[in-house]
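Given below, in the form of structure tokens, are the structures.
What follows is chain A paired twice: with chain B in the first complex and chain C in the second.
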Partner chain A sequence: MKNAVGTTGLILNEPLLWKIGKKGRSGFSLPRRDIDLSPLDSALEGQGPDFPDLSEVDVVRHYTRLSTWNFGVDTGMYPLGSCTMKYNPKTNERQASLPGLAQAHPLLPPQLAQGTLKIMYDLERYLAEVTGLPAVTLQPAAGAQGELTGMLIFYAFHKRKHQKRSKILIPDTAHGTNPASAALCGYKSIPVNSNKEGILDPETVAGQMDEDTAGIMITNPNTLGLFEDNIRQVAAIVHAKGGLVYADGANMNAVMGIVNMADLGVDVLHLNLHKTFSTPHGGGGPGSGPVCVTREIEPFLPVPRVIRHEDQYRLSDDRPESIGKIHAFYGNFGIQIRAYAYILSMGADLKKASQFAVLSANYIKERLKGVYHLPYDKPCMHECVFTDKHQQQYKVTTLDIAKRLIDYGFHPPTIYFPLVVQGAIMVEPTETEPKENLDQLVDALISIAAEAAEKPERLRKAPVNPKVRRLDETTAARKPCLAG
Partner chain B sequence: MKEISELNFPDDLKYAGNHEWSKLDNDEVTIGICDYAQDQLGDVVFVELPQVGDTFDKGQEFGTVESVKAVSELFIPLSGEVTGVNENLEDTPELVNNEPYTGGWMIKIKPADVSEMDGLMMKDAYLDMLKG
Partner chain C sequence: MRYLPHTDDDVAQMLATIGANSLEDLFASIPADCLRKDDLDLPGAMTEWELNKHMERLASEMAVCPEYLVFMGAGSYDHYIPEAVKQLLARSEFLTSYTPYQPEVSQGTLQAIYEYQTLTTRLLGLDVANASMYDGASGLAEALLMAVRVTRRKKIYISSLCHPLYRQVVRTYFEPTGYDIVELPYLKNGRTDLSQVTDLDACAGIAIQSPNFFGCIEDIESLAKKVHADPKTMLVVSFTEPLAYGLLKSPGSLGADIACGEGQSLGIPRSFGGPGLGMFAAKKAYLRNMPGRLVGQTKDLDGRRGFVLTLSTREQHIRREKATSNICSNQGLCATAAAMYMAALGGTGIRELACLNRDKSAYLKGALAHAGFDTPFSAPTFNEFVVRFPGDSPETYGRLISKKIVAGLPLVSYYPELKNHYLLCVTETMDREDMDLLVKEVTS
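Up next is the complex of A and B:
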């Protein structure tokens, strides 16, 4: 393979700030004091923080150098499965930073916040249209909080019927946060095995669903990147026993404008705006996890709700069956603006984004199958899952393959997830990579497979090009050093 | 990762489909995970175990084991009440990798029905299962 993206270059060392600091250096000057000194009660005094003294150039170079060690979506392809690391157009950042929006105070009275309320109201309508579920709350701060909101709604729904159900069904191909969210609501999660095709069998669900089970949490498309073909039958089985269907919509990037979730029998669904709708994902947030529901479930949504009366928007708390507040104010508004700008700028092409995301994943799957073991050989959605089975004979593992890919200039795919696939290598290319980049990734992975057979040692020592070589993850986890 | 032939499976233990081993000693059963399980998991960095006095039904989750790769559930091979927990694993989880059958044991239980041991696999049957 020629012209790999990855190569070596001049990498500048950079010590910790404490090692750079010299007593007396300063990056700013305080204005001249125009009031008298006021002594502080000694009881209030304490040891100051241990900050180094630094000049402006020290600080600027420090962070600039560190940033050159980074790899992000703006640097290159980031096919991290299950994470939808797609490129986010800069115009959406620009809209979110407009001073009138970025500086709006959450305590502004509604008459002075009509623009922000309209954005929230309209965004709810757009998300309703994208998902097919008519009522939406923007409050949850991220996907897992959306799941928790969904579970609180399940609980409230059954409580209205004077029922207390104790269990929830969670397929083994669901997102890992689902059982935790259900447990926070006091539900015991019951794992449901997927079938040989990697999806749910209605018979399996029928055997486990009973009247002590609150419902099911399905990730669709699931974490194998497969569409749950039997979801309608599964939903009918769950509904027949009085349960509800929760869909983890974190993989919505595969089905925007294509699948109507209400038609599938979904009652409650959350979206990750920070994956699908143009907010950089990762690094700890902020995120946004709106929850979309059917009309029947709408009374339980968190308050306040944004409502429109003639041409005026206001907030309403008058929802007696609401599960209450989920977030201090109205959710992470900055993320909502990005999603609003993204949906408006994409328009009908949102559907095309999903189509390209699915096409890209299937292209990679077809080109790499045979080179890497493909456990589920059928059309996939937005991501495909390979394993290291063919490479095991050379004592090369998924971890070695992923680390070697760094040398070729790519962020590694997700590895060892989903747990139902041993040695999983999960690739999600997204719609934002052109064919040349997909080919470059495939060529790199083919070249790595050849190296595995001929020079396996090279993979075990990888990566060799980046500033930081293979980290000792074991010691980092067993004996973490958290000091600066 | 090792070949199955490179792994060690003592003859005097019983094995479960989820790769836990069990050993009966004077009405008490010691439970851990086998050499295959630790090898598949890779370096173990954390083990979460139940408390003495907790009771479990056969097949229930009694804890989790976290490696650099993933978090996996531990399933109890037979019903019973927990009578002992290996507290050394809190600071030295690597015992699960280095000594899976001795220093890396996880819990001891008083079984509700000792005959459940008969339902577990002997070494040869377990090896046949691993080889598929």
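Up next is the complex of A and C:
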């Protein structure tokens, strides 16, 4: 393809860390010693760990070279479905590294920590406004810990009523972590099939919901990128049997300012600040997974809570029905600062972000739907799901298409998920990509579809441009080598 | 808005392609009773420059150095972070990438995490380390759940000298399981008392912390001997200050089955308690029961070395409800920071830095003892220790705050029997004059 952003270039090799450096080097400016030695009991002392000794230049070169082997949002478009890889604003990084915030000790007396407490208090209010759920905890360190918090709340809610329910309903279009989070609370997950339209049928839920079921975990919009049109009816069915409705808010980027989760019947919801609220994902975290709940559920939220009294903020542990603590301190505060800065930068334009995210996904869906099989041909939310059905005749798979896209200069979409679609290719463009980039992605995928017909071998061998080609994952798992 | 690139013209063209008349039209398929009626009630958008001022004002309300002297550790430590580490970590290829699901374009993250796992095994003296947990507290909770899985026993003991907030997290994680948690008392010397453990054969694991919450170094070796009197029972060694293992014998070399704790000390700012780094390492025999992601070495089609996420059959996206844990996003960038920091220190540097922490802390402990204060626990300490201030100590503590000195953490809210006791911490960032000033002010 002409004018593809992907190309080849000079990439430097770099050995493993312990293959460089020499004993006697140092990359650290050791502080001046202004006191005497005070040796310990020698039985407790060891020789120190076997780390390599490197100079500062060794360290800088090593990690700079490694970094160039990575693809990030700043490098190019990253249409990884359900991960909302939007632009991570630079100013957020600055705010999080302000010394007053970055150096703050978490157990400072409250009168010495008004700045951080105010940030937490206000961020909770903003997230409450965006979701429509009035009470918020910022403590969960990631989305999956938010889910666990939610399930612990379900458990506590039923325990208050002297009930111990054993099951939880989880639609086949929910996120993969949901069943594992529920299992940590002893719940057996009962899969709920979505209908031909890709969404939940109230009748199906009614057939499965009973008084031994704690509730339902719904991802809305779901992982097919479809809005759960029947969510209010589903919620009513679950509530009628004494259950609760959990919403996985990982896909909140589609509906900010568009729906109010409390109106939909949601009792508990987690957000991923590293998705919807623009905080960087750091190659696998840290994330942040605040949990938003109704007033009825508020007593169960983790402690401590941030409270305000006459313009003074403090922390309170006085919540007898709380599930307890799920983080040593208050969660990933440094990530919370970035989300706070993002919300203050966007204001009411958060709604526009959702509108443009949905606009972009529908635009891609329309442009590609003849080229790739679209299992649910209806308006989508912030992401759309294709399959490799049209390409199978050439013995080309979703994996091949994804890998070939790397050569064109794009991070691949999410693949083989959701499980309910065979060979799924899940594209989430986000609102921060301009139309030119969307067109470039679409053109690349059209070109790849043509290659699949004409030169399928090229796809099966892809990628060829990155530093390494396809990796042998089978041997990696069969003979694990996890440390050097 | 500078993050939204769509021009009116772009929007019109895209809507035309879709066949929609307006942005609102895109949501027309959502049932009317599901649509939000009111507008978002949020503060008006700030410019970049307004935001800077606003945030600086908030940051100025915090007590941090150099304005304040904060002698507080208790799970969050003040250490110098080399500028090289900060700047390398800010490289957007590390910062703005996702979990490395596509290894061909994630080799930077993958090799960095593989190296982190390796350095962690060397620091803790164990065979395998994972790619990180959320923090020291959830790491400890998951270690104890792992001990239950491995041994199929349903009772654990946890030292009362494990961080009190970690113990709360363990209780939360254990609440729906019904497993039994028993807290172990401490001895007069500030170490854990195992004498109440009479049913080792029913016990999945025993958790201690070293250096413990009082700053005392536990005798891991003799604890391990006692715990392993039953060959199945697991010893879990938690920590909040991994720098100590730059100097101390590693938990693995002394008999720990799992070592887990908080890695914030290793190049990560305190940030009001997070993000930190849950470090987690175990003996090889327990590999397949470990929670969390793992990076492994392999080869590509041309035989070149490369790295991938591996053993994912333990994880939620394959086994779902049978997963060893539900962790998906972890603290990847913090693990990368810790690796960079350990690389910058090197084997020689980490030992020297750990010695300096121990010596500075010993200086203050000695000076306070010399001034007549009681340091009640006699076991050796690393960079934290407990001191008893006489008389009306809250008044003294408050007076010191007005002098911009935070004289440690009052222990009474965590240990009601320890009225007037304070946990003090001294790292390499404290000068001798700072410590002398504390002694002078507290005695005046």
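Throughout what follows, the second predicted complex is superposed on the first by the 451 of 484 C-alpha atoms of A that agree within 3 Å, B and C clash if a C-alpha of one lies under 4 Å from a C-alpha of the other, contacts with A are read in each partner's own complex, and residues count from 1 in each chain.
Definition applied: contacts are C-beta pairs under 8 Å (C-beta built on N, C-alpha and C of every residue); 3 or more make two chains touch, one makes a residue touch a chain.
In this text the structure is predicted, and so the values were computed from the model without any measurement.
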Touching partner for A:E473 - first (chain B), second (chain C), both, neither: both
Touching partner for A:Q392 - first (chain B), second (chain C), both, neither: first
Contacts of A:E93 with chain B and chain C, given as first, second, both or neither: second
Greater residue coverage of chain A in the superposed arrangement, chain B or chain C: C
Touched partner set for A:A402, first chain B, second chain C, both or neither: second
Touching partner for A:A449 - first (chain B), second (chain C), both, neither: neither
Which of chain B and chain C A:P412 touches, first, second, both or neither: second
Which of chain B and chain C A:V291 touches, first, second, both or neither: neither
Doubly contacted residues of chain A, that is, touched by chain B and again by chain C: 417, 473, 477
Chain B residues touching chain A - in the complex, by the definition given at the top: 1, 40, 43, 45-46, 66, 68-70, 72, 93-94
Chain A - residues contacting chain B, complex: 392, 395, 397, 399, 415-417, 419, 422, 473-474, 477-478
